[in-house]
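In the two complexes below, chain A is the common chain; its partner is chain B in one and chain C in the other.
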Partner chain A sequence: MLTQMIIRKLFNLRNANKRNNLKLSQRCFSSHLPELTKNRYSVKRGNYAVLTEDHKQFFIDLLGSTRVITNPDECLSYNVDWIKNVRGYSTCILKPKTTEEVSNILAFCNDNRIAVCPQGGNTGLVGGSVPVFDEVVLSTSLMNKIYSINDTSGVLVCQSGCILENIDNALEEHGLMAPLDLGAKGSCHIGGNVSTNAGGLRLLRYGNLHGSVLGLEVVKADGEVIDLLSTLKKDNTGFHLKHLFIGSEGTLGIVTKVALQCPPKPRAVNLAFLGLQSFEHILRTLKRAKQELAEILSSCEMIDASTLDVCTDNLKLKSPLSQYPFYMLIETHGSNNEHDQEKLNKFLEDAIAEEYILDGTTTNEINKMKHIWDLRERITEGYTKDGYVFKYDVSLPIEKFYSIVPAMREKLANEDTVRISGYGHLGDGNIHFQVSAREFSQQLLKKIEPYVYEYTSDLRGSISAEHGIGFRKPKYIHYSKSSGSIKIMKQLKTMFDPYGILNPYKVLP
Partner chain B sequence: MLTQMIIRKLFNLRNANKRNNLKLSQRCFSSHLPELTKNRYSVKRGNYAVLTEDHKQFFIDLLGSTRVITNPDECLSYNVDWIKNVRGYSTCILKPKTTEEVSNILAFCNDNRIAVCPQGGNTGLVGGSVPVFDEVVLSTSLMNKIYSINDTSGVLVCQSGCILENIDNALEEHGLMAPLDLGAKGSCHIGGNVSTNAGGLRLLRYGNLHGSVLGLEVVKADGEVIDLLSTLKKDNTGFHLKHLFIGSEGTLGIVTKVALQCPPKPRAVNLAFLGLQSFEHILRTLKRAKQELAEILSSCEMIDASTLDVCTDNLKLKSPLSQYPFYMLIETHGSNNEHDQEKLNKFLEDAIAEEYILDGTTTNEINKMKHIWDLRERITEGYTKDGYVFKYDVSLPIEKFYSIVPAMREKLANEDTVRISGYGHLGDGNIHFQVSAREFSQQLLKKIEPYVYEYTSDLRGSISAEHGIGFRKPKYIHYSKSSGSIKIMKQLKTMFDPYGILNPYKVLP
Partner chain C sequence: MARVLVGVKRVIDYAVKIRVKPDKTGVVTDGVKHSMNPFDEIAVEEAVRLKEKKLASEIIAITCGPAQSQEALRTALAMGVDKGIHVEVSGPEYETLQPIHVSKILAKIAQNEKIDLIILGKQAIDDDSNQTAQMTSGFLDWSLATFASKIEKGEKDVTVTRDIDGGHEVVTLKLPAIVSADLRLNEPRYATLPNIMKAKKKPIQKLSPKDLGVDTTPRIKIISVEDPPTRQAGQIVPDVDTLIAKLKEKGHC
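== the complex of A and B ==
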């Protein structure tokens, strides 16, 4: 059943590679607590109520004492994001199990002007899911019921706190799969995925959540439950309200239930890992892959040489190829392995014959595929070992996809950095671009921002392709959104949440 | 290159077919003008300005006299929908060419409280695109520029008045295709498709417009131009506003430009036309097709026997099969014809072996495929020859997809009807269901409605899967939408269009 093909060109570029041999700092900042957000960033607490014992007693009466966490040690992990970038100081974490409990919590908070930070798996990268000050945290971690999976229609209905990987495992028994896949799948919640319009590794093939979410149940700031939980693929009755809650990061309402359209799980999966000489070759390979692999293409990712080093040097993962300036991961999902391998081999043979690709390996062995995917999925983890990481997640017109990396290298030539590099969802025009340094530096930050946003805006790109705006980017939103759009967003916020209790200090400037 | 396979079972059901042999009325109501809407339906004109000569002069000064139509004969076709169901009496049709002109028209109408009916190709089926009273018609027919097509990213940018078929033809030169296909493609406008969230024949494969529209430019009721014209696949910066204009039928704003994500045009297309014994067999065949054809399945449609008759009897089209209770069209889109035919043949052989399918023919010859598609795409046209058609477009849970037809036949057993039948987008759970009669009858209407909506609502279906709400269904919207949702819709309408000038009497109750 297992096949592996190694394609190797005589033309060896090993020595042509002129990347820096970086001395890595031994200090890993990811194990240190970040400064409190209120101190690091200049932000003023809103005029919200300070939580009293009476407030806490209300929550305990509602949920019971085990689902109201007030112990400071236990509260800590809900106050800090996983990349250790921001830190709030909430003293009250609420863990509802039902929509009714969420509704009661919000109605009470709305009446008492208590700010609420909704939190799923807390895997966000822009500080959207942790409190900025002392907001009450509403964690969906106990809202983890899967209600139904329909074999024929492919529709799953579940609570918003289900972990993506658990959903995927449950779907597998029905010959289905989740329509999205992320590096954080082992901890992220589907409600958080929906609220942040998470993209991930296979958006290219399975589309975004605006396409695959069929219905939502949402609780408004005032506690009103809005039933948008359609399980139908088509429903053109009135305005399509669910989309307001997809990607608005919990600022317009809290998602409590989700209905998802799920595709059949592929019977054949193949993965190619390729070495290339230049971004120009990457573009040509992408175009060819879309034409030749067409309906079986499920992922098309790019990694530059310096990014791959965070896996090979920092995490000691082994690359199956020698060193090249660029790498691509091309994955296929299909129903017939023979057909898929024939297509993939033909595509690679042609690309090698025309010298698009210098070297490559393909596999459909699960372990080998996992090893290759690790080189892509563990990049964020590997980066934290560099020290402090300035991370950006931008969309650019495909022809300019990689241009931001050399532009930034030039801009920061005289600065003290560990690494400036890029990787990401080539097929979707979405590059993850980062600058790592031994430690956080205001001077470096000022060199990077707002330059990175100006650069993106000049190309009509998005300053946050999939990570969202969260706490860290509201003041930059105008680089990607017109003033007319921002005005409408503010009107919507006022309409849905007049006292601004839901996830304050986030998304809107 | 051309292959055709005929699969025929000995077990012949020709005589088992007990459908009525209907005597068709010779009168075709489609050539007659419908009554004025204001007379046929009890609806009260809103407190809008009555158009004066001064108003008309403003429009002539703005557009020139050739783009302001006031001649009653010329106005007529803009006042009547193509299925001859509703008729307004607008005396002023405006034909802007640019966003700026649309903006100026709306600002003027908003200031002067002049009601506006936006109109694309006027191919709608719920009276959404023609005036109810004397609203000014804003036709997008001259806004037909295609601005760009990007070969690598597959992104097309165009004005909203481009005809879908013209877009598709332009994309073909780049190896791409439009992400939707409709029977009305020769006249419908992309702006109308977006505004009504049109679904069509291949939604199953290519997803809905919420997934494939990348960006929009929209003009609000007060004339403000909102630039949401992203050409990026991923952009998570703030609320996802464009979705408010997808499917809101021109009541929140007028779409002036569209950016679409377009898939590669398939190199191989195959079509199977199958005869089946029961709906139970149809369901099994659907499930199997999703598993076996998986990534190449591009359309999965169902036609019942009585519906096929409107093509064979009324339009004199020839069916390639003898008579069966049900038919399916299964289409594949792929990049390798050999692979696709192998998959399709295997699927059909297995389905026949297990007696899911009684008879079938497959082809990849363009003319033969067109002939088979005509049996599906010309149904609406064929129906008009029955007399008056009560048309419904509902989504139902897939197991109950066809149940509405026998339920309605039982309900109307003693009524004077020509035909009660169903067909539609099986793969998307969307059935088009109709009752035809020799002529319009209030008595018959009262037997059908609200029963059809109650039936749908009881199953949590959608009372308008893809046709929208338009003029004819606002009072039924509560069958598919909760009171909380409707309240939010009304708040949004007030926010975007405080004087209610945009497409009044439509969508909202």
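== the complex of A and C ==
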């Protein structure tokens, strides 16, 4: 038993563990700081108050000096986003622990016209989680209490600053699991997930947060606490307000508590990693997987060869297969391993016999599955080592899912880029597509945008499938939303936050 | 070219949290994820590499245990082992199966199969005995190198680098010999689909300890299995001075 523990450590060491990496790289700000957002992009500071000593004193009186961070070095990591695309210069980070404190902070900021940037785990990929100028950062990192987990109903109630992985570990003790899973789970907060309506790796099976969030507690810009914290599966009384806050990226209110519907942790998990010749073959395999794995299919992801290189070259991870133009991960969740394995093996044997797939490996050993998942989950991290990443997250009709990559390669053929590639949630029609370059360049940016958005819009896709609009995309929102719907969004914003203190410069044009 | 025997044991997956049975007779295994003992996987990988280098002619994997143990054999076959032997031991007999019995079984099979080299995991991560390689060597009177981090096979001998405290020891053994594998020996491969499919057609021979003339009467009695003591919760102190004061108070400095 003891060796069991020691070996776990050793094996983890050997595979230079991932979660730690994620946390570390987030905190490790070396020479490569992005230029200040206000200089790189042409944005004008809103007419908000400039923070005074008196303001700061109010926060210190409210939270105590240890929960008000003003030291510039310590402020830095709250000012730069995870993929180092944007940088603000806030000099005040607030760390409330309770809803009441959040309410007091917002009421004060609202009265004094102080702009506020809500921040969870700061893993957002569209520049929404860091200040653009000097907004006060309201970090939920100390709002990390889990209040209850109900074994029978599967309902978890917690504060919004709980880290997703901690929630998942707590649920495991009850035979449950979190309804979403993503590469950032070691750092992202459930409040951040709710606010971005994060999708993740198993949306295909477990649906999105509009389905699994049962209730929320939210604080409005003026400090009023709105109790929407239902734990009921069914509740058709009036308008379904919680949905407004799911995916509104901190622009309508601050999420303080979350009630989540959590599925049972599957007893049987199997994972296959496959090598394929072409995107055609991927489509055929997807279709077959849906038909033949049906109710046990829990994830279906794809990675192209150039993307896998960021894991093998930049992060030195090992791929279990030799090289192929495309790769797929197919995962099953079920209750009976014999049944699942038989189904999966039959599916794979047929696929190999009919030459849909060229090679592959399958496993249900926990650690082997983790290593294979690393090849998918650590892509975002691996990409950052290329230099600057222009990152896009679009939904496209499934037949056209991959077409954007060759189109972009053609368009940028003469530009100085490191890599143009795509991977993503194939089962959901959501591709993560990126161009990396050694450093940021306006010229390159102009070649990519708005071209990608036009391309997506022409195919009636979405210019942001799951990462949101944040700071990077407000001016492109019209590619996916009609002017009528943008108008209503603006009206709602004015109603919830008349002075626009919550996450300004984000989401709405 | 050598004929190689590897032992594979099905154990609770090392990533699973272990729970002790309430009556303290052992740990909960029902409904718990099992996998091949990681050290055995390393042994299998090493044998397969020898075969790929044309230094081994045939690899046989053996497992002792209930029906489910065949999973470990199938994994080994998919990694490149040629043939499996399943010595079926189940129920209470398996619960009290001990290294001495397994060693006798291994020794017998090594003789029957005219084995030149046995590679075993240095220990199984469930009972942590670290005895099987040693005892097998005793029964066969073959030379033994434990804790191998490197194996180089010659014509009539095998040179093994051993992980020892503070360094390495290099020993050369005459064949036939036994080597036990340590963590650093290699990184096991993933079985690929074509090989998993091929493995289904590879033979698994079923035997019982009786067929091999091995008596499995237990020699050791387990009195009680208990959780390690839980660590006491830490305490957060506001500053260094308080820390030093506390440490002094408890006589630590």
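The criterion applied here is as follows: the second predicted complex is superposed on the first by the 478 of 509 C-alpha atoms of A that agree within 3 Å, B and C clash if a C-alpha of one lies under 4 Å from a C-alpha of the other, contacts with A are read in each partner's own complex, and residues count from 1 in each chain.
In this section, a contact is a pair of C-beta atoms (placed from the backbone, for glycine too) under 8 Å apart; a residue touches a chain by one contact, two chains touch by 3 or more.
This is a predicted model, so every value here is computed, not measured.
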Taking the superposition on A as described, I'd like to know which of chain B and chain C A:E349 touches: first, second, both or neither.
second
First, second, both or neither for A:N364, with chain B first and chain C second:
second
What is the contact status of A:L321 with respect to chain B (first) and chain C (second): first, second, both, or neither?
second
Is A:N193 touching the first partner chain B, the second partner chain C, both, or neither of them?
neither
If touched residues of chain A are counted for chain B and for chain C, the larger one
B
So, A:N503: does it touch chain B (first), chain C (second), both, or neither?
neither
Is A:T417 touching the first partner chain B, the second partner chain C, both, or neither of them?
neither
Do chain B and chain C land on any of the same chain A residues, and which?
267
Write out the stretch or stretches of chain B touching chain A in their complex.
150-154, 175, 196-197, 199, 203, 207-208, 210-212, 224-228, 230-241, 243-244, 246-248, 252, 264, 266-267, 283, 286-287, 290-296, 333-336, 339, 342-343, 395, 397-399, 425, 428-430, 460-469, 473, 477, 480-482, 484-486, 488-489, 491-492, 495, 507-508
The answer for chain A against chain C in the complex is residues 1-4, 7-8, 10-11, 14, 267, 272-274, 318, 320-321, 345, 348-349, 352, 357, 359-368, 370
Touch list for chain C against partner chain A, complex:
12-16, 18, 27, 31, 33, 35-36, 38, 123, 125-126, 128, 183, 187, 189-194, 196-197, 225, 228
